[in-house]
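Order of writing sets the chain letters: A, B, C and D. Residues in each chain are counted from 1.
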């Protein structure tokens, strides 16, 4: 039997890793992955709570999160492609100007 | 039941299934060479054993002892991991596929399936969808443009067709009201007015879904006419250009294992699984179920090879257009109609 | 007991993958480690009895979204990320803020979380129940998200479409 | 009950004209503009005449209520018009002279740009002036009062492109503000203490007062404040300075506004509120003193002026002084009488001067004139009439009115009389000086030499048209001149005093208005005419003899002035320089108008400007208001300059801000939960 807090701690760790990745990574794609990581952490906590309170809605929310993540990934990657097409770089530190 | 026999039986089943699968893979290769040979008016393998029946062994031995060379410019970890990923995911999906209903051997009564998950279909889909990584990573890690193009094509194509594939299956799921393969098959037992079996193909207009699945499956397994990722005429050998020996063999196995998996799913979902005409005692029943199942898979694979021997290759934009502009809308239409039918009938 | 072991094992795999995502300098490795994380998360879901969620996690996340990532990485041929000194702020403020936040959360979890446990498969997350929920209580959000997805698709097409018209062959 | 005369139409007609000309005049032809202006002004005049025809049948005073304007608590001010003998006289003067000057202006301004503008303004002035004289309460009167100020401002600055004209207009306006301020305060006091501004009610309430009763000082204050207003409008000491500069305006304007009508508004106002003044003897004395001083003062300045219009301007001031002297000695009817005659002959003089200027193509300096007698005979003769009238040579108009005033002044105090007499002498002197310098001797100008377009000193260029050289003005200008000339000859005969075997019709006519003011002499005379017992006969005759004696003296003074002028400016033209040199300082002082302008500039204007610049502008406006605005802007700039670094465009730094914010939120939530 696993206490709920373990799951929560796990999801918190994942989330923190995601934030850290967002902070220290330079590659846009990796940063996007960090976002996905954060979302996964959140999903875990959703499911854990769902199991805790016997509420399936938690799992439903996970689906919504997934849909949103999918949409975000789609648009985000498209944006990345557009950016790369114009700037020839994926390094966010070099993508800090609104106009070229 | 208690854990000991359960583990034992499971191990036995796993080993058996694996053995059968690998053999099937090997002999599907032989079969293909033969059939295509005859289609192309040649003999195919004849030398090793009668009708070249031992050819697969020879190939295996050859692959094993061939020098396994690794080009210097590759990204090694993934270069090595890619074929493994491919073959592993290809073989995994067999774990949830039922070959028959039940087998009673003395005290032990077990289902002819490694594990019955009530979302087996989803698991199969998920595993096959993971299979793309093998190809994509191999193409990328080989660090050559042919491989890269192959990998790109593969990943794009597989992601695209996965949608049509999944949607084509939804119709069946609606009809049978379950995700468990076993229940789906059970739902197909019986006949319409005596003689037409209640297969999904003949049922609720799923014939459309079946053909969608067929196309999508060919694309998923990178078979002609959708074998763009390894189009010899354009990219030398696509994603496995840089591979040789056992690694190449792994891709080969993966491809054929995928074919078999697809064939299994097709026969389970559309062709009524193991239901067959003949009856008899229970042990005979079990064997017969196995036989009928194998037969369906064989037929399906034969069609696979037949198509390969017959059709030319698509152009890539045609491929994409076909997937997105024809199959997808068709699948959605089928889904909607099926849903309406079911809703109205209930 | 078994439950705890499995949880710990895959939890460690999760954390290992997440950390690997950070330390790896090549995006493709990060992507793969993320896939590992997702896979093991799927197992965790199974442990929590949410098998449907697990499957969808594998299919959608690992099978579709991450494939997109890998595809883009390959398409753009993203190489090793160079260690540029972009922003001191992220180091001076972001990291401490992150650490602070996570420490606080951890403290809350350690102190305030009850000891009651979650039993394996506590809740049969069978597709049927979820479907009931999804298509009855959450019908409107479901539709809205579908619209969202539609918009996302169109946006992606518009964004990624080449500014100049395609070659007559449409091949590249 | 009186018939409804629709008095409100009289002011309204010119307003319509002004509106039409002001709105559409730009597109009209000059003929059309002329037509409109003359039509409406003439209509007003005609209506005035019609009112006169109706006048005998009216029960006076006759008020007509048109509409309620302001009603605040018990206080109420209406659009109502008030007609009695006084306002009738004013009405006739204003509309008549105004109409004549309109006609004159057609010829004078024909060549000008902004022709329509000129007539729009002129009509506007007529509207306000008529409102002023017909108003039935102080507030409506104040509207007219301010309005004529506005019109005068607009017309003085008619050639606004000329800097001097514009500033002159401003000067007039500002100086008038001072007076209006006093007037306004007087009105407030009236409202406060009598709760009304309506003439009839106010005067009824006040007539209960008497110099002895309490509240006299209140009346004095009100009267003095009113007088301040009058000083401003009628250019009395100390507020006369704007009038000479007002000569920058076109000559018809000077004639109409700054000689005939507007400047007399003050006199009219004082006469109108005689009830107040009579009960404030101190105020009356002040009025008399101011009047006499102004008269002498302006006359002395006028002696030294060389600009023909300036001379007339100062003579105007001094004549106004006469009127105030009359009012000051409670001889209001005499003041109004002089007002009327003055309107005739001073309007005539100005118009004639304008004709001279017109003839000389814009020349205003008398030293460049002379010998014009033969060249422009009509102008000469009319001007002669005017000159004799103002100089007080019998039987011209000015003689009677001025003599009346002097006689009354003497009855009040011999000092008034003495000063008035010397003023009369000076007046005749400088007027004849003007006369001689302009029309006699030989021509000192240079107009023949190079045709037209000579030095256009005063009125700017426009006179340099078509025919060069000296030329008589067109008929349209001459006819008003003749009419006015006739008037200034016969105009005085309506007020021939008994001492000259006349019956002072004018005074009798106005008597009902000033009945409370009829002085002892008046009473005696009425008594005499009523044939009261023989007891009065003796002093009656002595008073007549005295009056005749004084008349003789004043005529002698006038003739002396004539002789001196002839001697100095025709016989020995070099003499004046000698005299000027002999009494050098005084001459300079007079020449520079006693440095009053400079004095004001140093005492009031300069400190005001400096104070405004240093305190208001640099101190408050820049130091406080602008400073706060600028400072806040700078602060915002600095803050954002520092905050700007957060917006590095670097995604990771943004993320860090989000992270720290999230941490803060978590901490806050924990804190909230743990409380």
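Just so it is clear, contacts are C-beta pairs under 8 Å (C-beta built on N, C-alpha and C of every residue); 3 or more make two chains touch, one makes a residue touch a chain.
Everything numeric here is computed off the predicted structure, so don't read it as measured data.
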What is the shortest path, in steps, from subunit B to subunit D when you may only step between chains that touch? 2
Does C-D or A-D have more contacting C-beta pairs? C-D
Cα centroid separation between subunit C and subunit D, in whole Å? 93
Between subunit A and subunit D, what is the separation of their C-alpha centroids in Å? 88
Chain centre separation in whole Å, for subunit C relative to subunit A (CA means): 5
At what distance in angstrom does the C-alpha mean of subunit C lie from that of subunit B? 28
Contacts with two or more other chains occur in subunit B at residues none
Residues of subunit D that touch two or more other chains: which are they? 648, 650, 652, 655-656, 659
Check each residue of subunit C and list the ones that touch at least two other chains. 52, 56, 64, 68, 73, 75, 86-87, 90, 94-95, 98, 101, 105
Give the pairs of chains that touch; include all such pairs. A-C, A-D, B-C, C-D
Subunit C contact footprint on subunit B (complex, rising order): 78, 117-119, 122-123, 125-127, 129-130, 132-133, 136-137, 139-140, 148, 151-152, 155-156, 158-159, 162, 166, 179, 315-317
Which residues of subunit D touch subunit C once you look at their complex with the stated criterion? 646, 648, 650, 652-653, 655-657, 659-663, 666-667, 670
Subunit A contacts subunit D in the complex at 19, 22-26, 28, 31, 92-93, 95-98
Partner subunit A, residues of subunit C touching it in the complex: 3-4, 7, 11, 14-15, 18-19, 21-22, 27, 30-31, 34, 37-38, 41, 44-45, 47-50, 52-53, 56-57, 60-61, 64-66, 68-69, 72-73, 75-76, 78, 81-87, 90-91, 94-95, 98, 101-102, 105-106, 109-110, 113-119, 122-123, 125, 129-130, 133-134, 137-138, 141-142, 145, 148-149, 151-153, 155-160, 162
Under the definition above, what is the set of subunit C residues touching subunit D in their complex? 86-87, 89-90, 92-98, 100-101, 104-105, 107-108
